[in-house]
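Structures incoming, each one as C-alpha cells.
Next, two complexes with chain A in common: one pairs it with chain B, the other with chain C.
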Partner chain A sequence: MILFALLLIPFSYLMLGLLIKKSGIKQRLALLFATVNFLWALALVPIVQFREIIVVQMGSWAAPYGISLVADRFSVLMLVVAAFVFFLTTIYATQSVDKARRKNGHFFFSFGILMGVNGSFMAGDLFNLYVWFEVMLMSSFILVSLGGERQQLEGSIKYLILNLISSLFFVAGIGLLYGKLGSLNLADLSQKMASATDNLAVLNPALILIFVGFSIKGALFPFFFWLPASYHTPPPAVTALFAGLLTKVGIYSLVRFYTLFLYYDHGFWNEVVLWMGGLSMVIGVIAASSQYDFRKILSFHIISQVGYVVIALGFFTVAGLTAALFFLVHNMLAKTNAFLVAGWVHRERGTLNLKVLGDMFNKSPVWGILFFISAFSLAGLPPLSGFFGKYLVLKAGIEADQIFITLVALFVGLFTLFSMVKIWMEVFWKRQPEDIAQPAPINLKPANWMLFSSVVMALAIVGMGLWAAPIVDYCQLAAEDLLTPSKYIDYVLGYH
Partner chain B sequence: MEYVIAVFIGLLYACGVYLILRRSIVKVILGVFVLSNATNLIIFLSGGIQRGGAPFIPEGAETVDPATISDPLPQALILTAIVISLGISAYILALKYRYFDVTGTHDLDQLKNTDQR
Partner chain C sequence: MNNIILEKIARLFLRVIAVMSVLLLLRGHNSPGGGFIGGIVLATGFIYYGIIFGSDRIQSIIYFNTRIWMGIGLGLVLVAAVIPVFVGQAPLTGLWYIGEWPLVGTMHIGTPLLFDTGIFVGVTGLILSVIITIMEVLKWNT
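Coming up: the complex of A and B.
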C-alpha cells in the first residue's frame, strides 16, 4: 500500500479531472494532489532507511510471477525529488500557462506524466517499466502539442516519432530477453543472468536493444536529436517539467539496468557507457555554446549534464555511483529552476532570443539572482549544489583511474560556465538593444506564484550545497545497495 | 515455421525503416505502425511458437510438459503492446491531421523551423 499510493494519487486526480468541469477547482485539486504526492514520497524516506528495500507484490502473487513494486533508496530519492519538482512546477503553471491550456487539461496530462514517472521509478519488472514509460510518454506527447501552435506541432512530431522508435527498441529487447531467460522480473532476470555468466553473448542483442531504448529516452550522445528539436517549443512551464523529469527517467532506468544486468559483462559495457557519457558531455556543451536562444542553450545542457551522470555510472565504484546520484538530483533541481527563470523572461518579453533580450536584471533583480543561483550551480560554483556534484564526479573519476575522462569533465565544466555567462550577459546584464523590434510581452500581471516556486527551488539548490553531507551519505548508502544486486534480488524474491 | 516468421519480421522491419526514411509524414507514420507490428511479432516468436498447444493443464493433471504447450505470457505482452500502440496511433493521426490543418503540407522538410542550425 505504501508504494501503491504513489500511483493512486495521480490516478485519482486523473479520474476527478474527468468528472470536474470547472478549471478553478481542477487547479486547486492539482495543487492539493501534488502536495499530497510530495509528502507521501517524503514519508517514504524514513521507511526506506529502516527497511532498506520496500517491496510490494501487487495482488499478493509471489515475486517472479506477479507484478512487484520495488523501492530501494535510489528509487525513493528519485521519487522525492521528482515529487518536489512536480509540486513546484504545478504551482508555477497556475500562473505561467495560459488560461486556454489550463482549461484544456494541462494539469490533467501533467498528472499523467507524474503517474508514469512514479511508476517507472518503482517498477520491479521490465514489461511494467515499459508500460509506465508509455503512460509517461503518452501524456508528454499531448502536453508538448497542447495548444496546437505551428512550432509546437513541428516539435511534437519529432518528439513523438523518435520516442516511439525508442519504445519499439525497448519492447523488442524485452521480447528477446524473455525468449532467452523466460522471466521479466528484474530481480529474477538478474539472478538468472548470474547463473549463465559463461554464455552472456547470447543475451547481447536484447541488452543492446534495451540499452538503445534507454539512451534515446535519456538523450545520450548519438540519440539525443529529438530533445533540442522539441524542448523549446511548448510553454516554458511544460519544458521545465520535462527537463526535470523525463530524461531523468531514462537515466534512472539505465542506472538500474546497468547495476542489475550489464555489469555481468562489465568489460564490454563499461567502455560503451564511458564513451557515450563523455561524448554526450562534450557534444552537448559545444552545441549549446553556438545557440542564441535561452531554452535551446539549456536544452543542449541537459544532454551535457546527463553525460556527467553516465560517466559517473561508468566508473562503477561506490564513489562513482554516489556522485552519479547526487549529480542527478542536483541536475533535476538546477535545470528545472533555470527553465523556470526562462519562463518568466518569456512572459515579460514574449521572446527568448538572446539577441533581442537585455537589461532584465534592472527589471527584476530577484529573478536575476534566481537565475544566477541556478546557472552557476550548473556551472559548479562552490557554495551551490553543482560544486559538490562535480567535485564528487571528478574525485570518483580520479580514484577509479579514469584520468582522461575526468579531464574531459573538467574541460566541459569550463564550457558550461561559458554558456551560463553568455546567458547572464545577454539576458540580464547588457543594455536593451534599441535597434531591434521588441515583441509584445505575453502577460504583465505580477507573477508571485511563479516567483514563489522559483525561490523555493533556488533555496533547495543552495540548501543542497550547504548541507551536502547528509545527502551524500544517503546517496552513498543507495550506491552501496546498487552495487550489491544480490541484496535487491533477495528482497524482491523474498529470500530475505 | 520459425524461419518463415523470422524472415517475415525482417521484411517488415525493412519496410518500416524504408517508410520512416521517406519525406512524407503520412509514410513515416505508416512506417511506425509497421515497425510496431514487427516488434509485436518478435515478442511472439521469441516466446517460442507451438502449433496448437493451448496453454491449459488438463483436468485432473497436476503438471504438464512445457514443451507441448505454448507460453501464454508473450501473447499477453503483445496484447498490451497492441493496446498501447492503438492509443498512440489514434493520437499520432490526430496530430498529423492538426499539423496539416495548420501548415497545409505533408513534407517533413517543412519541419526545419525548430531544428538546430
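Coming up: the complex of A and C.
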C-alpha cells in the first residue's frame, strides 16, 4: 500500500477532476494533492533506508506472474525529487498559466503526467513500464497542445510522432524479449539472462530496440530532435514540468535497464553508452550556443546534461553511478528552476528572444539572482549543486581510466558556462535595445507564488551544494544496490 | 430526419445492445467479455441512436454529463482497488463473497466485478464524450 498510494493520489485527483466542475476548487485540490504526494514520497526515504527495497505485489499474485511495484533507493530518490518538482511547478502554474488553460484541464493533465512518472519509477515489470510511459506521453501531449496556438500545434505534432515511434520500438523490443525469455518481470528477466550468458547475442535485437526507445525518451544523441522542436512552444510552467520530469524518466529507465540487463554484455554496450553520452554532451552544448531563444538554449542544454548522466553510467563503477544519480537530481532541480525564471521573463515581456530582451536585472534583482543560482549551478560553479555533480562525474571518470571522455566533459562544462553567461548578459545585464520594437507587456498581476516556488527551488539547489555529503552518501548506497542486481532479484522474487 | 422505420429500429437496437453489453460485463471474469468490451458495445448502441436522433437525445438519456460518468467509472475502479487494503491484502486483490441467492442459486460476487463495472462506465462515458463532442462540432442535432 505504501507504494500503491503514489499511484492512488494522482488517480484520485483525476477522478475528482472529472466529477468537480468549479475550477477554483480543482486548483486548490491540485495544490493539496501535490503536497500530499510530496510528503508521501518523502516518508518513503526512512522506510527504504530501513527495508532497502520495498516490493508490493499487485493483486497478491506472486512475482514473475503478477505485476510488482518495486522501489529501491534509486527509485525513492527519483520519486522524491519528482514529487518536489511537481509540487513547486503546481504552485507556480497557479499564477503563470493563463485562466483558460487552467480551466480546461492544465492541472488534470499534469496529474496524468505525475501518475505516469510515479508509475515508471516504481514499475517492476517491463510491460507495466511501457504502460506508464504511455500514460505520461498522452498527458504530456495534451499539455503541449493545450491552448491550440499555431506554434504549439506544430511543436506537439513533432513531439507526438517521434515519441510514438519511440513507443513502437519499445513495445516491439518487449515483444521480442518476451518471445525469447518468456517473462516480463524485470527481476525474472535479469535472472534468466544471467543463466544464459553464452548466447546473449540472440537477445540483442530486442535489447537494441528497447535501448533506442529509452534513448528517444531520454533525448540522447542521435534521437533528441523532438525535444528542442517542442519544448519552447507550450506555456513556461509546462516546459518547466517537462524539463524536470520527462526526459529523466527515460534516463531512469536506461540506468535501470543497464544495471539489470545490458551489463551482462558489458563489452558491447559500454562503448555504445559512452559514445552516445559523449556525443549528446557535445552536440547539445554546441547546438545550444547557436540559439537565440531563452528556452531553446535551455532545451538544448537538457540534451547535453543528460549526456553527463549517461557517461557516468558508462563508467559503471560505484563512484560513476553515484555521480550519475547525484547529477540527475541536480539537473532536475536546476533545469526546472531555469525554466521557472524563463516563465517570469516571458510573463513580464511577452517574448523570450534574447535580442529583444535586456535590463531584466534592474527590473527585479531577486529574479536575476534566482537565475544566477540555477544557471551557474548548471555551469558547475561552487558551492552550488552542479559543482559537486560535475566534480563527482569527472573524478569517477578519471578513476575509471576514461580520460578522453572526462576531458570532453570538462570542455562541455566550459561551453555550458558560455551559454549561461550569454543568457545572463543578454537577458539580465545588457541595456534594453532601443531600436527594436518592444512587444507590450501582457500581464502585470503580482507573481508572488511564482517567486515563492522559484525561491524554494533555488534554496534546494544551494542546499544541495552546501550539504552535499548526506546526499552523496545516499546516492552511493543506491549505486551499490544498483551494481548488485542479485539483491534486486532476491527481493522482488521473494527469495529474501 | 423523419424516417419512422429507422427510428423504431434505433430504439429497439439501443435496448438490445444495452442488455447485451450488461451480459458481456457479467460473464467477463471467466469467459470472453468484460467491462471494456461491454462498454464499447453499449457505446455503439448509443452512437447508432445518436446518428438517428442527434446528440441531444443521447445526452438526455444518459442524464449526467459524460465527464461525470467517466468520474464515476474511475471512482468505482478506485474503490475496487482499495477495498482489499482494508482487509490486509495487497491492493487490487480479488475478494469474493460466495452466497446463495434466490432465483439464481450460488453466485460469486467480488471486487473484480466492481472493477469491471467501473471500466464499463468509464469506457462508455469516454466514447460518448468523444462522439458527442464530434457531433456538436458537426452540428448533428437537427
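One rule holds for everything that comes next: the second predicted complex is superposed on the first by the 496 of 496 C-alpha atoms of A that agree within 3 Å, B and C clash if a C-alpha of one lies under 4 Å from a C-alpha of the other, contacts with A are read in each partner's own complex, and residues count from 1 in each chain.
Everything below uses one rule, namely that contacts are C-beta pairs under 8 Å (C-beta built on N, C-alpha and C of every residue); 3 or more make two chains touch, one makes a residue touch a chain.
Computed from a predicted structure; not experimentally measured.
By the touch criterion defined above, A:56 reaches chain C but does not reach chain B. In the superposition on chain A, A:317 makes contact with neither chain B nor chain C. Contact with chain C, but none with chain B, is seen for A:12 once the two complexes are overlaid on the shared chain. Residue by residue along chain A, chain B and chain C are tallied for touches, and B comes out ahead. By the touch criterion defined above, A:164 lies against chain B but remains apart from chain C after alignment on the C-alpha atoms of chain A. Once chain A of one complex is fitted onto chain A of the other, the partner contacts of A:1 are limited to chain C, with no touch recorded for chain B.
Those residues of chain A lying in contact with chain B across their complex are 127, 131, 134, 138, 141-142, 145, 148, 150-151, 153-158, 160-161, 164-165, 168, 171-172, 174-176, 178-180, 184, 228-230, 232-233, 287, 291, 296. Contact residues of chain B toward chain A in the complex are 20, 25, 28-29, 32, 35-36, 39, 42-48, 73-74, 77, 80-81, 84, 87-88, 91-92, 95-96, 98-99, 102-103, 111, 113-116.
The part of chain A that touches chain C in the complex is made up of residues 1, 4, 8, 11-12, 14-19, 56-60. Contact residues of chain C toward chain A in the complex are 67-68, 70-72, 74-75, 78, 81-82, 84-85, 89-94.
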